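Down below are the structures I want you to see.
Below, chain A partners chain B and then partners chain C, in two separate complexes.
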Partner chain A sequence: MVVSQGYINNLGGEKIGETCSALIEEGCRAFILNLAGSPVVNSIGISILIEIIEKVLELRGRIAFCHLTPTVGKTFKIMGLLQYAECFASEEEAVGAFAAAGQPQ
Partner chain B sequence: MTGHEPREVTLRIPMLPDMELAASQVASSVAVLVRLTVDEADEVRLAIIEACLNAFEHSQSPDRSVTIRYVILPDELKIIIEDEGKGFSPEHPPERPQTSQLEIHPRGWGLKLMRELMDEVRIESSAAGTKVILSKRLQRDGGEEREAL
Partner chain C sequence: MNTADESFTLRMELILGAIREMEMLAADSGDFRSRAKLLLRALLGTATVSRGMVFRYLAASGVLQPHVSSNCTLPKSAPRMPDELVSAWLQTGAPVLFGDLTNPAGAWAVRESDLFPCGDSRVLFPMIAQAHFVGIVVLGPKFMNTQFTREDMNTISLLLRPLTMAYFSNELLRTSRQTLFQLRRKVLELETLGEVGRSIISLREAEHLQFEILMRASSILDASHGALLLRAAADAPLEISAVFGFEQEGDEPVNFKDFLKSVQQGVTERSQVLAGGIHRDERILAVPIFAEERNLGLLCVANKETRTGHIPFSTEDENLLVSFASLVAVALENAQLHLAALEKERIEKEIDVAARIQRGLLPAELPSIPGYLSQAFTQPCRTIGGDFYDCIELGSGRFAFVIADVAGKSIPAALLVSTLHAALHTLRDELVNPSLVSTRLNEVICQSASEAKYITMVLLVLDANNHRLQALNAGHNPPFILGPGDSIQPIPAGGIPFGLFHGMHYEIFETDFHPGMSIVAYTDGVVETRTPSGEEFGTDRLIRFFGQADGCSSVLPSRILRHLSEFRQSSAQEDDITFLRIQRLLIENN
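Entry: the complex of A and B
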């Protein structure tokens, strides 16, 4: 589980990327990104999220977002992220879906 | 006051990191005034952020600043983001998407997002600068609030 806080711009996106990369190094392959603390994003930050999705999927992992505001969700949909990453209303729903598939986060 | 004169807020920001957030914050105050819903306000804020970022990244404006005008009309909120840069052709934006392995284009989404999030987007660009005009229709009768500005 990765919980973001604040504006997801280039710096915010890179910070999430570094956190995910470190977890990948530790062997983690299933990611839930909780964006409750990040109601403001920009397309540069989202482009870094795309790179994270790419990296996780290359490793045959799974990635999901939760707690997106309607506008962030709409933006992710427009940019095509939700073709490759799942979206859940809450952390509990995401954890439940991953647990049902036998994937620790 | 008849309530029909346009009311306007003007903000000038330098092209410095995160200054687009200042434009977004002013939009939040204006959104409350014109009674946009939370989602509508978020859409306006994101569209403004993208317009400012485009100006920051591509305009090469000699004075390194962007002027944002928030114009409140009886049935519309209009936001004009203006720079004095080199301009571009809206049909051929300066930043073209680069395909990732996922077939998602990582960059070049600014204009597309603005068009999806706003009711209308107009671009006037020349060698003297670029003006991006974002419009959001006002759904409810917010006449009293707008009159108070």
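Entry: the complex of A and C
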């Protein structure tokens, strides 16, 4: 579970990227990104999130977002992120879905 | 088959096998860098070359980017490849030896030799696919430092194809992804503008909407920070209404705070932007917010981000921010209109309440007086009027009739009507003495704080037992007495309107009230009713009307209103209309 806070721009996106990379190094392959604290994201942040998604999928992992604001959800849909990453309304739903598939986070 | 033929056959099998494997690897998915490294190693192994590296050509910048290497270190910097060299290589497609200074590529490689640390015997192979220059492969010495033969060059050229196609496909994929990303960004820009527009129409709370517009504009433009400054009034200084991005630690925009401070202070160097111009420098973009030529404020963004740093805002960014600024203007205008509408609704509700209260002050019906018929009616020209009438029973067969006209309209007039009503009922016991009560009423009205200032009033005290009438006219249109017979007698003013001066005394008119006599009192709205050409109804017409009217008619009020309406034709009613009539019947009713 990765919980973000604040503007997902170059700076914010890099922090998420570094966190996810470190978790990948530790062997993590299933990711839930909780964006409740991030109501705004720019295209630099989106490009970083795309890289994270690609990295996880290359490792045959699974990645999902939860608690997206309507604006961010729409942005992700338009930019194509939700074609490759799942979206859940809440952390509980995401955790439940991952647990049902037998994936530790 | 002899040994040489066997070796050749084995070698060809090996090469073909390697090509097949490389093609499968090239078509595989997964991390491209890893695959590229494997492809390079396959090529090096099959060609018995000890070391090599691949440089990817970036067409947009003309730079050769070091990508993967085997058995040597990739250079840190990326050389720029001259365009003429690219063109020449596209034409020949031939590999070049480092030492061959007769070849431009060979000579160039010597000049950039620090970037190719692969030993002495080096060969540069161009990677060309479908007339596109994809990059170069630099090969170090052959195994055991033997010379590259023509067969080696041909073999390497064959092995290079799957490597080249892999890089070409990757570049195509990268470019199409970038193009798709940019297209999607455009869609997002349009969708954002549309969504913000819909939010404005839904009349969301103005401050929240301002912040949301700022936030959306900043993120769409990839700005790290933004600010919205507004003016409280036309020539007022700019004040910060919303800021974005300052809560994030680090990456503070250079000079943005100084810029914001300087526009708030209205310093001379900011006069152009303060006058409604656009400001664009290396890091800051600020556009004015205009609504119908009124300069409402400034929308600013700072620090346009890329993955590697910051770039200046473009003309496209400027156009997009101007679009957001116009949405801010619409939001502000809508908010003001909405507030004005709410205020208007509130005032209308208060006026309705006041009108209800005012109507409640009027008597529901006039008392039934044996031997007399009394009628009264009022029609205000607006929701609240300044006219008033009342009838107060004084006991012993005496009744006080009042008709009054407050100067002014609407709430102030209504308040003064209430004051008069309260005073009349408080001084009820003194109404039998019109001379005394008139002085008291004048004092009350003088002391009232109303803006309306004065009241004209007629007070008629009827002694129905003794058939006597006392009349007070405080500056009002003179009521007139009709009868007996055809006589018409106006009751002149006994003093000035109430409320103008303290300490006034009033003269009282008294008369016997004979059978068949009637007294008519009215407000100026009746006689001043005008035709479209400006002709007034006048007192004479009113007298004639009442002279001809059936005194016992219960529809008299509606008849006179209809008569006035027909006289006025298409003109609107300009003043309140009130009248009062008391008639002594020829035959008494009990």
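Note that the second predicted complex is superposed on the first by the 105 of 105 C-alpha atoms of A that agree within 3 Å, B and C clash if a C-alpha of one lies under 4 Å from a C-alpha of the other, contacts with A are read in each partner's own complex, and residues count from 1 in each chain.
Basically, a contact is a pair of C-beta atoms (placed from the backbone, for glycine too) under 8 Å apart; a residue touches a chain by one contact, two chains touch by 3 or more.
Note that the coordinates shown come from a computational prediction; the quantities given were computed from them, not determined experimentally.
Undergrad: Should the pairing of chain B and chain C on chain A count as a clash or a fit in the superposition?
TA: Clash - chain B and chain C, as placed by superposing on chain A, overlap.
Undergrad: Give the label of whichever partner, chain B or chain C, reaches more residues of chain A.
TA: Between chain B and chain C, the winner on chain A residue contacts is B.
Undergrad: Does chain B (first) or chain C (second) touch A:Leu68, or do both, or does neither?
TA: After superposition on chain A, A:Leu68 lies in contact with neither partner.
Undergrad: Please indicate which partner A:Tyr7 is in contact with in the superposed arrangement: first for chain B, second for chain C, both, or neither.
TA: A:Tyr7 sits against chain B and chain C alike.
Undergrad: Touch check for A:Ser47: first (chain B), second (chain C), both, or neither?
TA: Once the two structures are laid over each other on A, A:Ser47 reaches both partners.
Undergrad: So, does A:Met79 touch the first partner chain B, the second partner chain C, both, or neither?
TA: Both: A:Met79 reaches chain B and chain C.
Undergrad: With the touch criterion stated at the top, can you tell me which chain A residues are shared between the chain B interface and the chain C interface?
TA: 7, 9, 39-44, 47, 58, 71, 74-75, 78-80
Undergrad: Can you check the complex and tell me which residues of chain A touch chain C?
TA: For chain A paired with chain C, touching residues are 6-7, 9-12, 39-44, 47-48, 58, 71, 74-75, 78-80.
Undergrad: For the complex, which residues does chain B have touching chain A?
TA: Where chain B meets chain A, its residues are 18, 20-21, 24, 39, 42-43, 45-46, 49-50, 53, 100-104, 106-107, 109-110, 112-113, 116-117.
Undergrad: Hey, which residues of chain C end up touching chain A in the complex?
TA: 29-31, 180-181, 184-185, 187-188, 191, 195, 215-216, 218-224, 245, 247-248, 250-251, 305-307
Undergrad: So in the complex, the part of chain A that touches chain B is made up of which residues?
TA: 7, 9, 39-44, 46-47, 50-51, 53-54, 57-58, 69-72, 74-75, 78-81, 83-84
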